[in-house]
Amino acid sequence: MKNKKNIIYAAIAIIIYLLIFALVETGTASRQLQNLIVPVLVNIMLAVSLNLIVGFLGELTLGHAGFMSVGAYAGCLFTISCDLPAVIELPIAFIIGGLTAAVFGFIIGIPALRLKGDYLAIVTLGFGEIIRSILNSMDIVGGSGGLKGIEKSGNYTVAYVLTIITLIVISNVIRSCHGRSIKAIRDNVIAAESVGVNVVYYKMFAFVLSAFFAGVAGVLYGQNLGIIKPATFDFNKSIEILVMVVLGGMGNIKGSIIAAIILTLLPELLRDLADYRMLFYALALIVMMLFSSNPTLVEFRQRLFAKKEGGK
Amino acid sequence: MALVDIKQLGISFGGLRAVDNFNMTLEDGQLYGLIGPNGAGKTTIFNLLTGVYKPTDGEFYFDGELMNGKTPIQINKKGIARTFQNIRLFNNMSVIDNVKVGLQNRHHYSMAAGILRLPKFGKMEKEMTEKAMELLKIFDLDAEAEQLASNLPYGKQRKLEIARALATEPKLLLLDEPAAGMNPNETAELMNTISLIREKFKVSILLIEHDMSLVMGICERIIVLLYGRVIADGLPDEIKNDPKVIVAYLGE
Amino acid sequence: MLKKLMALTLAGAMIFSMTGCGGSGSDASADNGSDVIKIGGIGPLTGDAASYGVSTKNGAEIAVEEINEAGGVEGKQLELLFEDDECDEQKSVNAYSTLMDQGINVLVGSVTSACSIAVSGESSNDGILQITPSGSAQECTATPNAFRICFTDPLQGQVMAEYIQEQGLSKAAVIYNNGDEYSKGIHDAFVAKFAELGGEIVADESFTSGDVDFKTQLTKIKSSGADCLFLPFYYTEVANVSEQAASLGLALPMFGCDGWDGVIKQLNGDTTNIEGGTFLTPFVPTDSDEKIQAFVKKYNEKYGADPDQFAADGYDAIYAIKLAVEQTGGDLSNEALIDAMTKITLNGLTGDMTFDENGEPNKSAKVAVIENGAYTAKN
Amino acid sequence: MDFIQQFINGLSLGSIYALIALGYTMVYGIAKMLNFAHGDVIMVGAYVLSLAAVKAGLSPVMSIIFPVVICMLSCTVLGVTIEKIAYRPLRNASPLAVLITAIGVSYFLQSVALLIFGSNQRKVESVIPEFSLSLGEIHLSGEAITTLGVTVLIMICLALFINFTRVGKAMRAVSEDKGAAQLMGVNVNTTISLTFAIGSFLAAIASILFVSSYGFVGPYSGAMPGIKAFVAAVLGGIGSIPGAMLGGIILGIIESMSKAYISTELADAIVFSVLIIVLLVKPTGILGRKRITKV
């Protein structure tokens, strides 16, 4: 049964890729859509990787953009300074970006061992801001003007492959004994320790893995745009990713994917509203949260759901 | 040699002496009861034995090894597992996954095997599923294996906690009020289950309980705690008739 | 299940709606014979930097209206499509794609440097003429299709360094916005040039975007022995700095860059604390020049405020396009337009200019002084 | 000499942070939620103040009192309304859902301000009579003196209110355990509404002093001070009233000192590093109470 499910997923992944390929290569897709494919995939990677910390480990962090930025800078610096063919250069850049971010994930994981909830949130927010202000004052990476002249070698195929790798790795981790340990820590740290779950190790692991993919996503972001600047990776960016995770459902990978798609496309589709765009986005955010989290509404939905089940 | 050897164990919280001069010897395979009025320090002793609290004085030997200062994880690996007074399940995980987390203590595969789905992963997961189902069957939880733990009724949650503790293959099982909130029928059933697992898993048990019928019914020895001190230690019949114990429970 | 289904439908509908408009978009761009010239504009209309984008858009709109009222260009009417980028590079590129779908012929934007650079990475592949009104970083014109209206940052810094030393001042204190490339670019060039000319930078302070308290920096400057203060950043913070300097009793002659334009409005016309402040600008709204006065009047009627330099840059960008189209005789192909850009001479609000092959404007800078609550041009 | 002046600069900056942090800590301490929109309520207050100041053609005293009162009223009403519409339906939802909603509210207020007032910053005249203290080279502005005084006064009043009045006790009860408080006859909804009313009232005072000190307001003016004040509240121990005061002052002084003597570029990084170090040593902030989890 499990194998069957995997085959279905693989089939879906291939069909979606073929669909993208067809839409882009035949020119059916608008420029707008073609252009949005990579950002959507970047956001999926970010949301899914953040979900590992927020949804599965149950720790609130507001510094995901920080991981993304160090990854982006490390990976893109490598491609700038290196002159290898893209086939060799790109994978190395992604790995360098990922590993650098992972190192920062390890460092930021340390306070997560001691702090919880809102305190951890503010500390991770602080880490993100520290990274940003250091990047701002580092002239060798372009300072506030950003790192320019990155070869634009990120295309939708590369992005798609990376996204699929991210999805496979994270969902496989979640559905393995390691993932169970991470979820056990989320549900009850004391009980987890009492059955021998190595809390320190798994907390660190979740932070490192999550940071790794955020870093890879950052490299992809840079490779796609050709320029990265510190101001992009401020805490608003972290919040943007967090909103995707919360909206998609904590600990729900499919939800993160859908939320990332919707929230990336939504502002673009709202362009016609011009000045009212941000207002509408804010309202949509509030209404969606009220709808998805209000206890009365949640109960109502569950009743509806239960009825359907019963009807079958 | 005794499985558990506790010598003059004690802990203070600030000025409060929660447990003082606690001595106990538990032989392999024994079922020991730990009783006492509320606030006597019973759960504190469990916390000391499982490394949640660090004792301020005294020594605790398990299987001949000094356990003072070891972390809960190390202690669990050595073979002590416990349940909690206020149930602590992994609420948002399925019943079977709760047990599997316990099993992982002894059944492990590498990260690479998990991510790349190497043959080892399939083999171990299959083995774990089988073992977990076996355990769940003992506790009559096999029908609910795929349910969320939080959706189980209270009595079954208590059972699941015991199943999870057993999954770590302990030599010593600490049960903190396993019959709390159960009706007499459920309690009777629980007594059977406890006897059964003693037989089947060859595990020693230390048990905190207020339900005297259960304690007197299954415990081989009983230790009585009052204000952090041991006031009696002996066979159920001795305890039943100990004037100090009667005073402690009924007042003078 | 219901929620999932809804979400999936929503996502699907979004994608579908985007493929839907694809067909019509590519048709329009291919259509050269249409009687409308579509000009795309990109800039921040929301977010921290919104005021720059809004001004640019307003200025450009006035130019488009003027040209259309006068009968258009080569018999064609102009249409301005302006998209928001929130000063975010990704969103800027998104905006560019949206505009390309609508079949734009030329692009004005983006207003800010980094966004402009990100967009030119895309636009250079399409070969479309891109004119950034105010992207002042060196790299904004790196691609062959990119031109700019404003000065580059280094140029401003160098000119100001020379100007200040001509006033007989040699000990400069500088504050700059470390989070803003524009400010840092001017600062770096200024510091280098000032030292090269024999001056001394006695205090070199920075702040980051969003800061409102400058007392610490000013206190340091106060005891540094500086004889002048160079403030290369935008008017919002300049207003803060000038007021706080006064409250600390720091009274040094102040110098700035073209970002100062707008500071008087910011101060509600009360310029006591910044009296005599001198800055480099291509555009002074009080300039007696007829063209400028007409523009200021129209802008005031339409938007109820005095135009700033961004508005003037936006206005000039549209006129540059008009001249280029006239030069090609109505040929809207990318190559022709880009080629035409180097041949035109624009008598713009921000000065008379020609463009070289690198996309840089050749124009002279004006020095403006704040006197009695108004900008006074000084040459 | 410089050092003292820098210290005073830090103090005046810090007292603004402290004032905003008091509002944060008040709402967090009782309603247990991060009101991310607090900074934006301050921004709205500043706009209201500027509008009311322009419209008033009153006597000198009234022309100060009128805008101040209008500002306080509208902030309080705004705060209570936000609570009622956006936060109350989520009373028992996950803290994260509430956090995201608060962020939504913050974006909402910002974009409304942007639509109404445009993106340019607006100058607001100070409502504090002009005076200043000068001791040789050292300057202390009237705004700084007033802010510091008001902040200390509010801190004392708040502490007295929370500890010694009936309503204050109800608030503490709600903060300890909503369910138990309800059982004991405390109206949780009213109490939390009241908390928001007070929190927003404090935001109004903060906005009056903030714009009086800095003179300008824009749609995004509330965001950065909001975050800094949040950091201050956490540094001092969130939920603790003296902690907010202490955290704000310390933050202001650190920021000012690191700008003056270490690096202006890295001042923010230093501020956040101090926060992280403090929290690593004392996870509940300087004056925060430690909560023991019972096993």
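In order of appearance the chains are A, B, C and D, and numbering begins at 1 in each one.
The rule we apply is simple: contacts are C-beta pairs under 8 Å (C-beta built on N, C-alpha and C of every residue); 3 or more make two chains touch, one makes a residue touch a chain.
Everything quoted here is computed from the prediction, not taken from an experiment.
Central chain by Cα centroid: A, whose mean Cα position is closest to the mean of all protein Cα atoms. With centres computed as the average of Cα coordinates, no chain lies farther from subunit A than B. For the pair subunit B and subunit C, the distance between C-alpha centroids works out to 71 Å.
Centroids of subunit C and subunit D (each the mean of its C-alpha atoms) stand 35 Å apart. Mean C-alpha positions place subunit A and subunit B at a centre distance of 41 Å. With each centre defined as the average position of its C-alpha atoms, the distance from subunit A to subunit C rounds to 34 Å. Residues of subunit B in contact with two or more other chains: 52, 84. Shared interface positions of subunit D, defined as residues touching 2 or more other chains, are 111, 114, 265, 268, 295. Annotation for subunit C: residues 46, 178, 208 touch two or more other chains. Of all residues in subunit C, those touching subunit D in their complex are 46-48, 50-51, 54, 178, 205-208, 210-213, 215-217, 219-220, 223, 236, 239-240, 243, 247-249, 262, 265-268.
On the side of subunit A, the complex with subunit C involves touching residues 23, 27-36, 39, 133, 136-137, 143-146, 148-149, 152, 221, 225-232, 254-255, 258-259, 261-262, 265-269, 271, 274-275, 277-278, 292, 301, 304-305, 308.
Subunit A meets subunit D in the complex at residues 54, 60, 110-111, 114-119, 121-123, 125-127, 129-130, 133-134, 136-137, 190, 235, 239, 242-243, 246-247, 250, 275-276, 278-279, 281-283, 285-286, 289-290, 292-296.
On the subunit A side of its complex with subunit B, the touching residues are 168-169, 172-173, 176-181, 183-184, 186-188, 190-199, 205, 251.
In the complex of the two chains, the subunit D residues touching subunit C come out as 1-2, 5-6, 9-10, 12-13, 111, 114, 118-121, 123, 132, 134, 139, 141, 214-216, 218-221, 223-225, 255-256, 259-260, 264-265, 268.
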